[in-house]
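Same chain, two partners: subunit A is paired with subunit B first, then with subunit C.
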Partner chain A sequence: MNPVRVAIAVARKDLKSEWRTRELVPALAQFVVLALLIGNFGFQVDTHNASAIAPGILWLALVFAGLVAFGRTFAAEREQASLEAMLMTPASPVAIFAGKAMAATVLLVLCEVVLLPALTLFFGTPLSGDVVAAVLLATVGMAALGVLFAAIVARVRARELLLPLLTLPLWIPFIVAGGQAVQSAMGLPGSYQEAMGLLLDFDILFVVLTSLAARFVLDE
Partner chain B sequence: MSFVVANGLTHWFGRELVLEGVDLVVDTGEHMAVLGDNGAGKTTLLRVLATALRPTAGRLQIAGLDAFREKRRLRHHVGYLAHAPGLYPALSAVENLEFFCDLQEVSRTRVEEALDIVAMTSVARRRADQLSRGMQQRLAIARAILHEPRLLVLDEPDASLGEDAAELLTRVMQGKTVIMATHDRALANRLCQRTLELRHGRSHGTATRLHVVT
Partner chain C sequence: MSRHERWAAGAVALMLVAGAAIFLYAPTDYLQGPVQRIFYLHVSSAIAAYGCFTVVLIGGLVYLRRESLVADRFARAGAVVGVVFTTVTLVMGMLWAKPIWGTYWTWDARLTSTLVLWMIYAGYLLVRRLADPGRQAARIAAVVGIFGFVDVPVVHFSVTWWRTQHPGPVVVNDALPPEMLATFLLTMACTLALAAVLIAIRYRIETLSDERMHMAEEVKVITAPEPRMAP
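Let's turn to the complex of A and B:
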């Protein structure tokens, strides 16, 4: 059984379902725009402090959008009782997990397509390739962790509460390194290369760890 | 020759004992019905037999293999219809089955054959959430037989099927070893050679057709 084919099939199925229902992405896109709007009015943003405030607002919006996006990945399968059918096939649980994580990553990237230009619009900060690269790199590791914990909490009743409690502490390294990378890309002091190196290290570490753990989480 | 051999299957959900030492032997090609009231443990027993649930205690062999150690290998040979259809509502009937073809690594040409067996070719392009409950059940049955399993484990397959349930299930079960749960004793007697009566998670013996132990 080719795990890559399985992962692609799972991701394609999730994205096709989202395309047909449009349940998640439009709502998340509205959410991130509203979060930026509130941030814009909540802080007295001007040309001097915009680059200091904008990265914080960016990561806050991204973190909460991510929690919703990743939380839905397995919750929907449980509600439809379709997860068991998928796990009853000979397909590897790791490949199924990878497919779910790929689809969730794409959905969050779609939100980022709205989020990043909106950030420039509301805060006047530059939208550079460096900012985009930092956000994308952080998204990969955050998705791996978020989807793993979404799979763990999907079978419990208080999953909406448990998911942030489990996920947020482990997302802190991404927020710290990602925040530093975005700040330096926006002209504030700090080493962009160093922060990106850290993000890459965290991505590798958490993608490997979550892939190893996924088998045990999904197997029973 | 025995295809399914279960010894002392016992399962606890927390403090509740739902299966208590169930023994079971099903021969190759045999059809067995599991009967019992609501809460008797039928669904739990079927989930264990389909390798979807590991029991707290007991042994299970399917096709001579340890069903829990070799469950991934066995899944090529086991088709399971769960209590809920478990379909993807936004995908069409064909897309639902094509997805499972990819996961089962079987040719997508099987989709048409499976839909033909459950008499669903006319609504093949309709989304699952636009199908009636009976059609959704047919689609779930089609998914269970997609990879031509040797053992079919069916949890109330007749639910919502309507008048032609027996005819459809006869087609589906042909040439396969089958364990099915149902409330319909008449259907069980028509489709199965043997019945197993469950009460409060305990087996109350098996009986041959028309001689159900009470």
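Let's turn to the complex of A and C:
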């Protein structure tokens, strides 16, 4: 079986099931808007400090929305025990993992489609191509790690507790580089080019590592 | 006295010798005063923690390749001892930083990556507690241990690129007077011996708890009710 076609089939299956139920994306969209609301009242935001505060709120909202999204990645498989069925097929576990990661990335990007304009609307920060590019680049690596650890905790008790504890420390490099990129795109000091280069390096490193590890996590 | 008790007594004696060297032999630092004496155990336990997590990494890699129970027990033992030494490093570092830097905490590369290291292996211990013991738990934990080990230099590098103010390595570039260097090397050797003894004791505990679990399973098999004959 061609692994690329398997991955695309798995991703299409996940996206189709999301399209039919329309559960996760509306919930995540509402979640990120609520996070912005909390950010607005937690800080004293005015026109002078908005560009200093907005990047922080953006990453907080995105990180926690990501945790909710990746926590749901294997929910359907767990409830209907269909992961075992998928693994019994000749399809390679790595291709199945890649498909799940692709679908989760698309769902998180859809949530960013709500988050970024809402941030601009509420905080008046620029919605530039630079900001969008930095967020998208961070999403790739975060999704690879998030889905790997979602697969890990899927078979563990108290998975809601464990997913953030395991995933957040590994996301920190993406927050450091992504935070710097968004800050400089919003007019704060710092090198945008360098931060984007670092994000790309982290993406490559963690996508390769998670693909190597996926075999041991899914294979049973 | 059992073998493990003798090792433990030896490790305690070594640490007392190191303590004597730190407080009686090593000279007082001209600039920092007595606070500088924290350095000996602080750096030694950081090195011991890295050593323990290397045991976790190697144990995990060997387990994934060969499914060796011995490797998995070493990984479990290394993680517990490593978290203890990381805690010692962090707490002693904060005690040193307050009088010298004027603050307990600052977001520099070494502090951030040590905190992340602590978080990752505390998470590793939680995985071990929450996953049902057996093959699955060992594999999952091996993956967590390996990712944790890779993540720490990455965090370190990314925050260094951000900014840094931790004192640079003083041992390698010959900045220590000979008495201080001797005290440091002695403390490091003693701390590493302590870590090795702790891992050996923990390994024994893990072996015993594996055996007990195994015995409990056998009892369960024996006492299970006989299946009824089909009519």
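One rule holds for everything that comes next: the second predicted complex is superposed on the first by the 220 of 220 C-alpha atoms of A that agree within 3 Å, B and C clash if a C-alpha of one lies under 4 Å from a C-alpha of the other, contacts with A are read in each partner's own complex, and residues count from 1 in each chain.
We take it that contacts are C-beta pairs under 8 Å (C-beta built on N, C-alpha and C of every residue); 3 or more make two chains touch, one makes a residue touch a chain.
Please read all numbers here as calculations on a predicted model, not as lab measurements.
Look at A:216: by the touch rule set out above, it reaches subunit C but stays clear of subunit B. By the document's definition of touching, of the two partners only subunit C reaches A:170; subunit B does not. In the superposed model, A:52 lies in contact with neither subunit B nor subunit C.
Of the two partner chains, subunit C is the only one touched by A:198; subunit B is not. Applying the stated contact rule after C-alpha superposition, one finds that A:60 touches neither subunit B nor subunit C.
Of the two partner chains placed around the shared chain by superposition, neither subunit B nor subunit C is touched by A:207. When both complexes are overlaid on chain A, the residue A:127 reaches neither subunit B nor subunit C. When the two structures are aligned on the shared chain, A:109 is found in touch with neither subunit B nor subunit C. After overlaying the two complexes on the shared chain, residue contacts for A:136 are found with neither subunit B nor subunit C.
Contacts of subunit A with subunit B, set against its contacts with subunit C after fitting on chain A, overlap at residues 220.
Taken together, the subunit A residues at the contact with subunit B in this complex read 1-2, 5-6, 9-10, 13, 16-17, 20-21, 80-91, 220. Touching subunit C in their complex are the following residues of subunit A: 145, 148, 152, 155-158, 161-162, 165-166, 168-170, 172-173, 176-177, 180, 194, 198, 202, 205, 209, 213, 216-217, 220.
Against subunit A, in their complex, subunit B makes its touches with residues 50-54, 72-73, 75-76, 78, 80, 82, 84-91, 95, 99-100, 102-105, 127, 143. Chain contact summary for the complex, subunit C toward subunit A: residues 64, 112, 116, 119-120, 122-123, 126-127, 130-132, 136, 139-140, 142-144, 146-148, 150-151, 154-155, 158-159, 161-162.
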